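In the two assemblies presented below, chain A is common to both, partnered first by chain B and then by chain C.
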Partner chain A sequence: MRGRFAPAIFLGIPSVFLVAMFVLPLLSMLVLSIWRTENYHIIQDFNLNNYRVLATETAYQTFLLRSLLMATAVSVICTVLAWPIAYGIILYGGRYRLLLSLAFAVPFLTGEVLRIIALQGLLGPIGLLNGVLMSLGAAPLRVIMYTNFASAIGLIYLYLPIVVTVIYLSLLNFDQRLIDAAKIFGASPARAFFEVTWPLNLFGTLIGFALCFIPCLSATLAPRFLGGPNGTLFGMAIAQQFAESGTWALGAAMGVVLFAVCVLLVAIVARLLDLRRTGFTGFGRG
Partner chain B sequence: MAYITLDGVSKQYGSVWAVDRVDMAIDKHEFVSLLGPSGSGKTTLLRIIAGLETPTQGRVLIDGEDVTHLPPHRRGVAMVFQEFLLFPHRTVYENLAFPLRMLKLQKGEIAERVDWVLGILALRGLEKRYPNQLSGGQQQRVALGRGLVGRPKVLLLDEPLANLDRELRQEMEVEIRRHQTALGIPFIYVTHNQEEALSMSDRIAVVRGGRVEDFASRTDIYDRPKTAFIAQFVGRSNRFEGVAAQASDRLAIRGEGVLIETAARPGIGEGDNVVAYVKNEKVRLKLAEPGAAAGANTIAARIRHVILRGAYAEYVLSWSGGELIASRPRDGAELPGGAEVTAYWDAADVDLFAQAGGDQ
Partner chain C sequence: MTKSKSRSCDAAVSSALSADRRTVLKTLAAGAVTAVAAPYIRPASAAPTELRALMWEGYAVPEIVSAFEDKHKVKFSPTFFDGNSEAYNKLRVGGTKDFDLVQADGYWPGLYFREKLIRAIDYARIPNTANVYPVFQPDRYKLLTDQTSGEHFGVTWCWGSYGTTYNTAEVPKEKVQSIEVLFDPAYAGRLSTSARFEENIALTGILVATRMGTKDKPRPDGKPFNPYVLTDEELAEVEKLLIQQKPLLLTRYQDNTTLQQLLESGAIVAAPEFAQIYRVLVQKKMKGETDLDFAHQLVPKEGGLGWVDTWLVTSGVTDPGTLALCYDFIDTFLAPETIKKISLIAGTSATVDLRPISTPEEQKLYLMDRTEELSTMYMFDQPSSTEKWERVWSRMQAA
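After this line comes the complex of A and B, so read on.
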């Protein structure tokens, strides 16, 4: 009896949860995006005006493009930084491995706003970095004051721990002895990395990449506090529709576009990626 | 000139010597087993030959070249691992082609060599499978094939059959030995399983506590154990403890309730504590004759039960000193359980060692 109902319970409840908390709100967004808002009121008549605005107003395209560039740059940098960090913990962490990997979660103990404000205090015009520079008589670094560069630093700071953790978990699950096997059969250490370590951790790396990339696309706080006048990102623009300007329907349409872009990107990656080539069998270690 | 030479090889981990001053010389056509219990250092020794560990002291020579400080990929060795360690993201074909790609062979030659290995290991038709789509035996064959395909100078095998069931293991033993003979390269085979070592090897090195206790032909290791540990570890034996008493050229050992007589050994004198081993199959049995006097090398016992092992039977006997096991072929003249018997053996079949202080 237990055996018969267990799958229904264990798979059913999350499914219900997924539908209630994810699919339904998404559908409501979709519906809202084909209505319109006027003077803080929702008017329920079908039109594609919001999408027309998004397609014609270059500002939104600039925001989206800037967001895509920003998310790509930040995710690439995070991944490049995270690999040696995660690998270092695996190789040299010894019995402190768990502690070290948990240490990466410490920033999560504070809120995202706090972390960004703290960073603003570090990078801003009277922040620690420029304060020291100026007290030494040097010119302040303009590049870190309210620029896209500062936003990028903020986003890297926010998402690096996640990427490190995901890649760390991937490496933890990776059988290091396969590297021995590759070396025995004639691969130099660098060759062994590209023949074995990299492909077998590609899936984990992509998950880490995606877990950085997707929230970066919809980032609002970092660009708002660090980005400056030319730093508006798509996610920040969405937040403005729902807050200051009260154009919820347009905001919903932007959300739908963002969702579509994400789905498209994931679909492209899924198409290009042969899971078998990452050693992923879907049945645990084969 | 030996093909592979280990010269005073030692490996220290912290304060422990995992491998301790090992000297070995292995010939080009030899099948050598490193036999020892787990933790004896045999796998570390193998990994030192492979280049996966650097010895703290000593040198490793392969084909006349000092490879002590060469990384594994420049040594021309190959290895078969206990857990197979096939590349899970590569097909059987690609796993087998891996060593050849690393050797930078032409595509055509790679295909030829892989095909050769697929043929000798009966793997044709599985080329496109991934390792997790293979049975344990098939994975083992691919692992062996990957070891052979690059025509290494030496093939190192680290308990490769430990994860296979018994029947498959015996099949693979024959096959592995056949490939070694055909290729004419040395195989160094690590195992804790004496049957595997005895069935395949030319010579066996018994490893214990990081040291090689003896490195000799398999018959010498089995029939003429050099140390008490080898006598205990190789084959199945009955063990007796006692005190030696010299009687001209023969040595009498008085243990609890048994008198063992054997030829005198150098280094064992009157009053020494000794330990004697008699292999199970050397203990013979006859039905007890009432009134017969108990002589040397005989024990009066009762058959407690009989274990059938197929071709032979093991008789578990009780006697005043405890338990005794005699194994004999099942030739039809079987003895019934509960029977009173006399167990006896030849003086020449006694392996005798001085008992070192605190040594088993």
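After this line comes the complex of A and C, so read on.
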């Protein structure tokens, strides 16, 4: 009996949680997106005008394109930076491996707002960098003050620890003896890396990439505080609909579009990659 | 027979036990319900134990709040908001039950009253309302009085404009007397505006209407010009002008601390603001903490935006005890010594005449002799169409 009910319990509880906390809010968002707002009032009549606006108004498409570019650039940079860091910890961390990997989680002990405001102070006109430059008689670096470049720095700062941790965990579970085997059979260290280590940790890398890419796509705080006049991203534009302008229905439609874009991208990646060859073991033996 | 009797006796015992179990369960259930509901149930006549306010953070001065709590033996629970639209949204989704007091400025209290989010109040119960400047009295400041019933629904508290604070060494006074200074290529990269879409569009709307000559002409709605009610043609021009302004801005500041840093560091030379940072910087100059000189243009020649922060009582306040507490709270906050303390901390001008208890410097810095200028300003208001205004703002951001 216990065995018969165990799967239902162990799968049922997370399913109920997912339905209550994820599916229902998403459905409510979907419903809101087909209503409309008029001067801070929600008018409950079915229409697809919000989607028409998103399809025809180039401003929202620009925000989405900016977000896609920003998320791609930040995720690629984070992945490129995270690999040597995680690999270094695995190879040379010794008994301090755990400590080193935990050190990367330290920034998470403070809130995201605090981290962004601290960074604003660092990159701002009287921040550490420009302060030093100006005290040396040089002109302040305008490129790090309220630009998309500053936003990118902020996002890398926010999400690099996540990517490092995920790749570190992937490498931790990777059987290092496979590299030794490759070398014994004559592979150079580079070839062993690209033909053994990299492909067998590709799934972990993809997870790290996705955990950076998806929040970057909906980033609000970094572009708001660091991005400057040209730094509005899609997530920030969504936040504006729900906070300042009260155009909730349009904001809901933007949320639905963002969700659809994320699902589409994940589907494309899943289709392009053979997960069985990426170190993914979730398919079972079947 | 014995067996039968015994069974009957067992049944009786069982019945008795069953009854006991039911009673116990009922009692437990009633106890649990009472325990859960107790904090929310109290007799209507009971004295209130908490006062809940939806307000701007700068005005919640801990020292004054604590004194009020001690005097009235209540807990003051503030919830902070940034803009009127945020507070309005909170009230509309059931906030009248969650808050007793709310703050708003400009035309917003009138909207709240029309939508029955706030209730009428009795000035006779708030004696300190007699101390406010004439320009804020109901006979001249009409935004807190229902024109049909004559009922008052708010008390003025602090006031200001969305004027321009500027570095006097970098920007000549004659230039800053016009809104044009915020669109002057001579200051490219050295200007900033707030991130508030309503005030950016409205201020630009004043300039656009002045340039188009539509400001003083009859308006489509038959009313005098209001920068929050712009025609489609004016909005199109506003959009163009805001797009032209973008390269001139270093950033749109999100908070006062950022604005202060930008001005103090010399990164920007002018920015429209509520004069709070101007006062901070002037005080720093007096203390020798900065070398830069700053001045503030209260109203540009084309016309400027103004605001009067008010205290309002929500329609959720129905019992006399809580209403009396709300009146006491407003009266306490309007007392000259109290409002002066808050005014100095928040950096805003008070609607109460504080000249008898202020130094000449304070009188100048807090515009105590310039309250009459308020009547020349356009009050903060709700945009005529938030949807159209949002589109203008988004197009500008994407351009």
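Note that the second predicted complex is superposed on the first by the 280 of 286 C-alpha atoms of A that agree within 3 Å, B and C clash if a C-alpha of one lies under 4 Å from a C-alpha of the other, contacts with A are read in each partner's own complex, and residues count from 1 in each chain.
As a working rule, a contact is a pair of C-beta atoms (placed from the backbone, for glycine too) under 8 Å apart; a residue touches a chain by one contact, two chains touch by 3 or more.
Values in this document were obtained by computation on a predicted structure and should not be read as measured data.
On the shared subunit chain A, the superposed partners chain B and chain C are arranged side by side without overlap.
In the superposed model, A:T37 lies in contact with chain C only, and not with chain B.
The partner of chain A that touches more of its residues, comparing chain B with chain C, is C. Legend: residue contacts after superposition of the two complexes on their common chain; A:G124 is shown touching chain C, with no touch to chain B.
Vectors from the Cα centre of chain A to those of chain B and chain C enclose 150° in the overlay, to the nearest 10.
Looking at the shared chain after the overlay, A:R224 reaches chain C, while chain B stays out of its contact range. Taking the two complexes aligned on chain A, the least Cα distance separating chain B from chain C is 46 Å. Contacts from chain A toward chain B in the complex involve residues 175, 177-178, 180-189, 191, 195-196, 199-200, 276-279, 281, 283, 285-286.
Across the complex, chain C is touched by residues 37-40, 57-60, 62-63, 120, 124-126, 140, 142, 145-146, 224-225, 228-230, 232, 237, 240-241, 243-247, 250 of chain A. Put simply, chain C touches chain A in their complex at residues 83, 85-86, 88-89, 92, 189, 195-198, 246-247, 249-252, 254, 258, 261-262, 264-267, 382-383, 385-387, 389-391, 393-395, 397-399. Against chain A, the residues of chain B that register as touching in their complex are 50-52, 71-73, 77-79, 81, 83, 85, 87-89, 98-99, 102-103, 130-133, 146, 150.
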